[in-house]
Amino acid sequence: MESRQVILDKLRATRRRGELRERPRFVVERVFADIPAADREALFEQFSRKLTALKGEVHRVATPQEAAQKIALLARESGFVRCGRQRTALLDRLFKGSLDLESLEQQMTVVDEETLAHTAVEGMQCAFTQADALISRTGSIVLRATTAGGRRLSVLPPVHCVVATSAQLIACLSSWLTAVHDDRSWSYGTIITGPSRTADIERILVLGAHGPKRLIVLVIDEPGDSH
Amino acid sequence: MGSASEHSRFIGSSEVKASDETHRKRLLKVIASYDSVVVNQKASQFIDWQEARGTAAEIKRYVLDHLPELLELFEQNASNNGMQVLWAKDVADAHRIVDQIIARHGIRKVVKSKSMTSEELELNEFLEHKGIETLESDLGELIVQLNGEKPYHIVTPAMHKSKEEISEIFQRTLGCEPTTDAEELTDIARRHLRDVYITADLGISGANFLLADDGAILILENEGNARLSTACPRVHLSIAGIEKILPSINDLELFLPLLSTSGTGQQMTAYNSIIRGPRQDGEADGPEVMYLLLLDNGRSEIYRKPEVRDALSCIRCGACLNACPVYKTVGGHTYNTPYSGPIGAVITPHLKGMRDWGHLAFASSLCGACTDVCPVNIPLHHMLLTNRQEANETAPSLFWQTALKGWALAMKSRFVVDIGARAVRVVLQALGCVSPKLTAKLPQPAARSFSSWWSRHGE
Amino acid sequence: MQNVILFAPCLVDQLYPEMGIALVKLLRHFGFQVNFDSSITCCGQPAFNAGQINEAKSVARKVVRTLSQGVLADQQIVCPSGSCTAMIRKYYPEVFHGDRDEAAASALGSRVFELSEFLRQHNLLDKITGSCHKRVAFHNSCHSARELELRTEYRDLFAGIEGLELVDPSLEPVCCGFGGLFCQKFQGISQGMAKTRLEMCQQVGADEILSNDPGCIMHLRTAAAQQGFATPIRHTVEFLVDAMGITE
């Protein structure tokens, strides 16, 4: 008999006697003490506070133009030449529509469904992606392969810059989980809470173990019609 | 009390570790730092930690009641996602399956992210024996692998190593320059593994949860090595115990912070990857094929026994190890098994045989610290007690059992007890005359028992 | 005068009668008529913890039957050990599950109290007054903390002692390494655990270590003697009798 059947038969034959338990329900509001209020300011405040405490960098800007300026400044300060980004309407608008980012965009590797060599991604100094949502309670960014340029783009380069809008701020994980569960078109999603880290050596915190050393989030208040 | 060889090896190793001051102090320091962040995280995040873990426990008990159906549901949903689900009843079965995968895809190089189930299978040794280059990518796992050791702890595998020791290992095995800076040491590992992710054909991972209603697996990590190991190679194999099921993707809202809090004191681990299968159409990258190996390897034996079944609720956070005064005294390697500490002492005798591993049930003061901290309310120290009963039946220790039978007989008679105590006192005093050093530090019966005092002062 | 039964753990009976004597003095000081049945020698825990239920049951049966008949049957029982109290209250029902003495064993469990529980129940905590100028570390036994849920309750025992400074080495109970036969079967581990515990008390500068469990006290004293720790270790009840100046 094949192993599958052997295992399942044994479990069925030996499970707990008596009435089987019902599925318990839990109410998020009765579990967590730190759920932020649902208004945009409170959501941003907690998201920023939580992620900053984990050494993530959070910037809030009013418009895509302002976001472009921030990125240009970041690129200048960090000496970014070779970067990569996802192809999305918002990122297109940011990088193509700004004189500040003209030179960066010229050398930009734009990632879409085409498979890129690993080395092309590995060679990037910074990756720009969008996200699905920002979770205020825990200061987390959620993204999926379909909405963030695949699996590698957001983890191989040493810097990951996430561009999001303040409308994407939500209090807790639940609503995102429910929404993405119904969408069967993706194979990979991740909940990111801070830059890559390790404490494997004497519990000393070190950033950038294998993933990005820096995680930067730009939150745009008025993204315009592109979003 | 277990086989003479494993049992006496355990005693020998524990004596060495318990008297190793450097080891004991380092462990206490590391765990004290863990303790303080966990206390804060529980207090700041949860309205009531007891209620949170009670809810988590109920969900996991529900899973156990419905385990066969939830496994089938998971399998069906995972298959719909394009994942290939395989079942292995034991180590040999799992090795055969891994062997087939290697042959089918022409695998020559493997990158692994942390997986305790793969330790059960001694997969590294198996792959190396087949001539497949196999590299651990989690920093702690890499350190112990390079040094030819087994993981010391299920969450922090290199907990026992100092910066100096790690520097020595890296110099010896990777030929790098000496440094005792944690950041530089981490960077050495980062650079060492960059190429590996890119050149490996197969990524092997564990799984923290299997979502029945979604058919996805969850991998929690901080470093990013699991993301890289499951994003870059063209084949991904995940190995998970059959008990890893959660009913729904919505349960993650509770279980991600719960595991994170108990495991490391973080609110959320840095990366929680939800993997449904290989790359789908319209996605930029990802493996061409993904396998999920569901491993029994003794778990159905635990499931069969009502007294210990709930131990299958374990989410492998390692909190019971960190709380355990025995673990803090002897460390992980003394147990000589992938799962150490209280949870290891509970499940190992059932996974690997009471005859050889029964001694682990007795190697506890039954203080209950493990039960106190378990995020899914497993009554671990009570299970150790029931393991002792089973061990007494399957592998009796003639000496202790006879001694306790005699003791029970004596304790039923005040006369015998008093005579016995007097005899012990006389013997100890006689011994004391010969060797005062030997007896001076031992407790000895009082000149007059309480009951004899009472007979004069009672009324 | 209210009657109360004193349960003397085997270690108190044979090794440390002074702890039992101190408890008698304290109870009489508070006006209780103390009763003791010398046919009881032990609660049976050593065999229970070794996984030998039959032997545990045979010793426990004597306790259950003796304390469930005649005038003793409705009296409260005080025990100077959290561990033995936990054995009787929490584990006797398990030991006697399905046994003819099951009902009597369960009833007994609801009548037995650890010393501090008993004093609290009778509103006597306020009446503990005295003086003692010492830094004291309290070693709470695992069983009293985790099985009886007495975690911070013990503080109240010392609230009325002037000059006493409680130095808490740990928020959580820390096992001393006794564990019954564990300390014989795994001596290395057990001694290592005691060392960790004694070091914690030393580091906070305790002049004295107090505990509510004779088992912990025996183990800590033995380990202290073997490992060269000088801090004296006593039972709480002995300390209280001294600090309160009770002589008879």
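Each chain gets a letter, A, B and C, in the order it is written, and its residues are counted from 1.
The rule is simple: a contact is a pair of C-beta atoms (placed from the backbone, for glycine too) under 8 Å apart; a residue touches a chain by one contact, two chains touch by 3 or more.
Because the structure is predicted, anything quoted here is derived from the model rather than measured.
> Going by the touch criterion stated earlier, list every chain that contacts chain A and also contacts chain C.
B
> Which chain's mean C-alpha position is nearest the mean C-alpha position of the whole protein set?
B
> Please tell me whether A-B or B-C has the greater number of C-beta pairs in contact.
Result: the pair with more contacts is A-B.
> Taking the mean of the CA coordinates per chain, how far is chain A from chain C in Å?
55
> For chain B and chain C, what's the span in angstrom between their mean Cα positions?
Chain centroid spacing, chain B to chain C, equals 33 Å.
> Report the residues of chain B in contact with chain C in the complex, numbered from low to high.
Result: residues 11, 14-19, 24, 28, 39, 325-326, 328-330, 361-369, 371-372, 385-392, 400-401, 404-405, 407-409, 411-414, 417, 421, 440-446, 448-451, 453-455, 457-458 of chain B touch chain C.
> Of all residues in chain A, which touch chain B in the complex?
2-4, 6-8, 10-12, 14-16, 20-24, 26, 28, 30-34, 50, 54, 111-116, 118-119, 122, 138, 140, 145-146, 149-153, 155-156, 172-174, 177-178, 180-181, 184-204, 206, 208-212
> Touching residues of chain C toward chain B in the complex: what are they?
Contacts found on chain C: 8, 10, 12-18, 20-21, 24, 34, 36, 38-39, 41-42, 44, 46-53, 55-56, 58-59, 62, 142-143, 146-147, 171-175, 177-183, 185-193, 195-196, 218, 221-222, 225-226.
> Which residues, counting only chain B, touch chain A once they are in their complex?
Spelled out, the residues of chain B in touch with chain A are 30, 33-34, 44-47, 51-52, 55, 58-59, 61-62, 64-68, 71-72, 80-82, 87-89, 93, 137-140, 143, 156-158, 161-163, 166, 182-183, 185-187, 189-190, 193-194, 197-198, 213-214, 222-225, 227-228, 230-232, 242, 247, 249-250, 252-254, 256-257, 264, 266-280, 282-286, 294, 296, 300, 303-304, 306, 309.
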